[in-house]
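Since the structure comes first, as structure tokens, the remarks are kept for the end.
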Amino acid sequence: MIKDQLRQQRIETPSWAYGNSGTRFKVFAQQGVPRDPYEKLADAAQVHRYTGVAPTVALHIPWDKVDDYADLARHATEQGVTIGAINSNVFQDNDYMLGSVTHPDPEVRRKALRHLLDCVDIMDATGSDTLKLWFSDGTNYPGQDDIRARQDRLAEALAAVYERLGEEQRFLLEYKLFEPAFYMTDLPDWGTAYAHCLKLGPKAQVVVDTGHHAPGTNIEFIVAFLLREGKLGGFDFNSRFYADDDLMVGAADPFQLFRIMFEVIGGGGYTNETAFMLDQCHNIEPKIPGQIRSVMNVQEATAKALLVDRDALAVAQREGDVLGANAVLMDAYNTDVRPLLGELREEMGLAPDPMAAYAKSGYFEKIAADRVGGNQAGWGA
Amino acid sequence: MIKDQLRQQRIETPSWAYGNSGTRFKVFAQQGVPRDPYEKLADAAQVHRYTGVAPTVALHIPWDKVDDYADLARHATEQGVTIGAINSNVFQDNDYMLGSVTHPDPEVRRKALRHLLDCVDIMDATGSDTLKLWFSDGTNYPGQDDIRARQDRLAEALAAVYERLGEEQRFLLEYKLFEPAFYMTDLPDWGTAYAHCLKLGPKAQVVVDTGHHAPGTNIEFIVAFLLREGKLGGFDFNSRFYADDDLMVGAADPFQLFRIMFEVIGGGGYTNETAFMLDQCHNIEPKIPGQIRSVMNVQEATAKALLVDRDALAVAQREGDVLGANAVLMDAYNTDVRPLLGELREEMGLAPDPMAAYAKSGYFEKIAADRVGGNQAGWGA
Amino acid sequence: MIKDQLRQQRIETPSWAYGNSGTRFKVFAQQGVPRDPYEKLADAAQVHRYTGVAPTVALHIPWDKVDDYADLARHATEQGVTIGAINSNVFQDNDYMLGSVTHPDPEVRRKALRHLLDCVDIMDATGSDTLKLWFSDGTNYPGQDDIRARQDRLAEALAAVYERLGEEQRFLLEYKLFEPAFYMTDLPDWGTAYAHCLKLGPKAQVVVDTGHHAPGTNIEFIVAFLLREGKLGGFDFNSRFYADDDLMVGAADPFQLFRIMFEVIGGGGYTNETAFMLDQCHNIEPKIPGQIRSVMNVQEATAKALLVDRDALAVAQREGDVLGANAVLMDAYNTDVRPLLGELREEMGLAPDPMAAYAKSGYFEKIAADRVGGNQAGWGA
Amino acid sequence: MIKDQLRQQRIETPSWAYGNSGTRFKVFAQQGVPRDPYEKLADAAQVHRYTGVAPTVALHIPWDKVDDYADLARHATEQGVTIGAINSNVFQDNDYMLGSVTHPDPEVRRKALRHLLDCVDIMDATGSDTLKLWFSDGTNYPGQDDIRARQDRLAEALAAVYERLGEEQRFLLEYKLFEPAFYMTDLPDWGTAYAHCLKLGPKAQVVVDTGHHAPGTNIEFIVAFLLREGKLGGFDFNSRFYADDDLMVGAADPFQLFRIMFEVIGGGGYTNETAFMLDQCHNIEPKIPGQIRSVMNVQEATAKALLVDRDALAVAQREGDVLGANAVLMDAYNTDVRPLLGELREEMGLAPDPMAAYAKSGYFEKIAADRVGGNQAGWGA
């Protein structure tokens, strides 16, 4: 039963995870990094090949701009994956220095909105049903711009995008506490994203990036709350010790990841359309194995969350048995689920250890040799 | 003009600020502390006498329970003040160890709700139009109780209270990140409070306690957002360097207080029914002067916010002049408004320096001598 | 081998964990709570009886003041435990409102120092070799007192205590970011404690309370650093999601506890005199089971840390294999060590599940019935 | 008297503040940005021309690498400024992906050390007496490398650099909580930097970057403590709302800047060799005016700190007058010191408003026109 549920899990990897990335101090180049969206999809297909649960790949526009999106989608299918969410990018053009859809200049706002609508066109062309909206918009200094006027502009842009969505399409609205805006961010928290989505309707939902919160925020509370409201659209998974560190999901606080998955399952988010997406930078670790490890970390947390004896838990909770209820939860968390997942993979015709299987495959040696010359894809490219 | 606006400001002081208070480590007793609600009101009246802008006093039930609320209200009037918000307390009874309105046991929930409805009765009796709802409800350990079920229980209780409110009454819903719950708080942030209020209707609004946020939270953003939504009911003012330190408002970050007041004014919150309430503990400083200083701090921040040249600011913002726009704001902040406020007080028939005037009045010496014996009022009493 | 090391672990429980405790909002009374230090020791002995690794009990003076300390030590021995660290308390007297050893008034400083020296007398009488020094000293408002002068006063008091220590005695100096001081704490971080200890000599060491750090602090780094310097005296274990929440150790971030134990072992802190002490409040969970669970949590983290394949780790680190090195660590963390610990307990003649064994013992029912009347011991009593 | 002290203040600006900079998301190019170190010095000279208190300029190696440092120093003198601290950079070479002086590979460590020693050569060539050492070294994942071994390597490198310093030279050791390392930073806090400097001797001192601390850290405490120990070497000034935001100093929390300057003055740091350096990124505001504003902000904070009536403060502190002592401090902070600084500038032969004077000078228009073509200097160039 648990294995059935685990078998059906779908974790989306992002095309940009396969290119170089870094911090503001340095982007370290790696060997064999893809040079175009086609190569990114090929790499993403490797992750699915060894894990069996990563069949879709998110794109970032314009980083993944191509002339023929139908052709790109075909290429994906040939590799064994499909195109997932389309991520819009309105933060890397010089015009966006003071904002995109919230910019004081209506000309810039129009340009940004045009890009967002173009992304819906790409959804139509690729068959993607999900648009992910993240805005770096905000200000660095008190007084720099009018907080409230920027909300008006944001609402206007969101309404225009919402209007353009097709029947089977939705957008996920992402919030982030800070960075790159350092005084005020126009969508800083789940409450702001929720309020905007609520006004627009069912095709607008909130996406939770696990690295985008203030210190001390209880993320699983937000997850439970948004599920109760029908407004949890999905996750951008990654992990952090400090700010938006974008480390591999589950690397910093595996217990938190487990608690999040526990709420997802309890709130019905596992079987509905909640999207499990990775969004992390591999600054110093190799790209493909970094994604494989991350997918495995999400699987392990999910397996543990599925193991919780919810009946026993409900009894302990009802009786006010603080230690007992906590023990039921910890009992699942403390279980070593790796053998179970190894079995599942073998039942799925996969090697029990995806990391070892990929390492043995020779794929890395091949791309390292083949992909010499050309421009490596990277953060911003 | 600015003086006219300052003259109309109303800052509410809380009855519990006049009693002893402290931390979990120690409550330090002070001289002359009131022994009953009548004496608390007398002390609060002193703050109004010297500042001229603190004409109302918040009560806390059951700390301020009396047999005859109409008599208490009369006493207040005789002292020159009136009863402000009624604050409910569902956290100091043994039954509330695992929650009040969100407790797993329906019996406890009923008891808590009864108390909340009693508070509305007290509003009727005292003429108060505002009920402040803060719940300490939450859990200390993962698994201890069901996050979502607790939201259902919370919603149910809030609806019952909302239903009971009279035409001219409202409730303000308070959120707090943590303490005394240390894993999950049922109302941890403005988004949660907002979502509940939105469903209930116009008589439910959010109250912002300036000490109840995660590190790094931009409070003025929340203020601007809630005003845009018509959902900012008021403030619990205090200040903090770390957590919910409950220091005197303006003591830790006067620039933040200024930015908050700037958004209040810009968002129309100064002239509507937004309540400016103090809620702080004077652990080590004398009570009445502590409140006087706090009222003055709010006044100074307000005066500076009123001084901002909003036309010049709008021009700089429109032109994308980052340094110029910031400079307009800072110009007001850097102005010394104490002479202006001194003048205003003299025009109001008050001494220009309320701290000095109170110190000279002999009131402290009188209460220190008179109030010997009896039980000092304090946190929890 | 690992079992041998686990068998030798010694975890000290604190006498105050058996009494009532709470937050500033409410102390919830529990059934069967001890009424004097003798009953506290009896309860602590239960924890040792079922875990086999908690043979010492820390005292808090004056909370555990008795007329005849030799008699108390004898009573402890009869119960199967011995007296551990003596914890001084210079924060619950009215005189200490503005500080103890750093107070501006030399009279108060002398009083505080006298208490500290009395604690060394109690060490002599009980055979305790460790004095734990925590000071709540600090200020709430900028300007309130002179930061540097307070350091001078602190240094003077510490030197006087150091001077008084016997050959085989030491003191552990505790730091804490904030609370109950909310602007400036005189010993806010490990650097301050370290600098003072360094000047005094080898009998002064730093104690790390795992709940006393700023958000984001890497505690295991501090542990590794202090061990390298020979200045790690011990731990006050507990856990937190927000501030100094004093939850059961391992409850909030079991991965962090594992990382800490990993550094302890690698730095030689497991076999030297580093003290593993619990210091946590059981606000809502029953006392004795709360301590048993906490001892088990430390054991489990220790077992996992002992399981790390340090040779494989060193190879991966040397080769710059980021994912490989991390995987070696996680492999140990993901292991379920509960069966191993169950075996160990059986080899020690104990029940494999201490929680179940205690629950079945009838001890709670006995104390709940016996300890009616008298004053329950509690935080501050 | 206060004007005399203000006249002698020296605030160093960094060469890299005049080039483009940004976040990991985007570096926005600006008009007229310098294309080489010579042009950077010319721009820095503008800041000194209008403020009169910024006569030195910090270099960053290799960003400011030139063939002939003596010639560069001469050029500086011609512009009216001199070379200040030399900042080493061991974070932007591919070899440093896993560390520089703490890298597991001794070859990389040797390369990094060589660079540091080269920087001392440049000090000899330029007459600079200060080397600033910041290391991005750390790890992203638990287990990635050995925390303690990295401390050994760090200590070894620091000793080698210390050894190489001339009689009149010193190094300032910088700490930072996180970024670009996201799990463990080898020099994360002042305590670590202090401990290393202490072992080396008087030519090693700690530098406090005001943006490099955990949330809630009391920076002025660290300043007071390091001054008491004779170990405060200087400041890297900037400001932050969240993490290491590198905003203009004084922009986020002017009260904190005032408190820091108050401790500097009280601890004797104003008249000794404590260096006041700016280190901030102007991501969206124009470079030269951004530096001018920052210098003015430091001046204003200094002026207010000098205004504190220290005699009255000492009396209030001695008497335990919490509100009175705080009021003495706030009285200075609330004073508008801009007229005083305007007067001072006029006495120095400068325009009273440096921002306006620079804007009128036509310098920006000239460099915007002249500096077309070539490679703009920027973060990392």
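In this document, chain identifiers A, B, C and D correspond to the written order of the chains, with residue numbering beginning at 1 in each.
Following the convention adopted for this analysis, a contact is a pair of C-beta atoms (placed from the backbone, for glycine too) under 8 Å apart; a residue touches a chain by one contact, two chains touch by 3 or more.
The UniProt protein names, listed by chain, are A, B, C, D = L-rhamnose isomerase.
Because the structure is predicted, anything quoted here is derived from the model rather than measured.
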Touching both chain A (L-rhamnose isomerase) and chain B (L-rhamnose isomerase) we find C, D
Looking at B-C and C-D, which one has the bigger number of contacting C-beta pairs? C-D
Can you work out the whole-Å distance between the CA centroids of chain C (L-rhamnose isomerase) and chain D (L-rhamnose isomerase)? 39
Distance from chain C (L-rhamnose isomerase) to chain B (L-rhamnose isomerase) - Cα centre to Cα centre, in angstrom: 37
Chain D (L-rhamnose isomerase), residues touching no fewer than two other chains: 98, 140-142, 177-178, 183, 215-216, 218, 241-242, 251, 255, 284-285, 322, 326-327
Chain contact topology (line, ring, star, complete or other): complete
Of all residues in chain C (L-rhamnose isomerase), those that touch chain D (L-rhamnose isomerase) in their complex: 98, 104-105, 140-148, 151-152, 177-178, 183-185, 188-192, 194-195, 198, 213-218, 220-221, 224-225, 227-229, 255, 259, 263, 266-267, 313-314, 316-318, 320, 322-323, 325-330
Going by the contact rule at the top, pick out the chain D (L-rhamnose isomerase) residues touching chain B (L-rhamnose isomerase) in the complex. 215-216, 218, 241-242, 251, 253-255, 284-286, 289-290, 293, 300, 322-323, 326-327, 333-336, 338, 355
Touching chain A (L-rhamnose isomerase) in the complex: which residues of chain D (L-rhamnose isomerase)? 22-26, 28-29, 91-92, 94, 96-98, 136, 140-142, 177-180, 182-183, 215, 240-243, 245, 247-248, 251-252, 283-285, 379-380
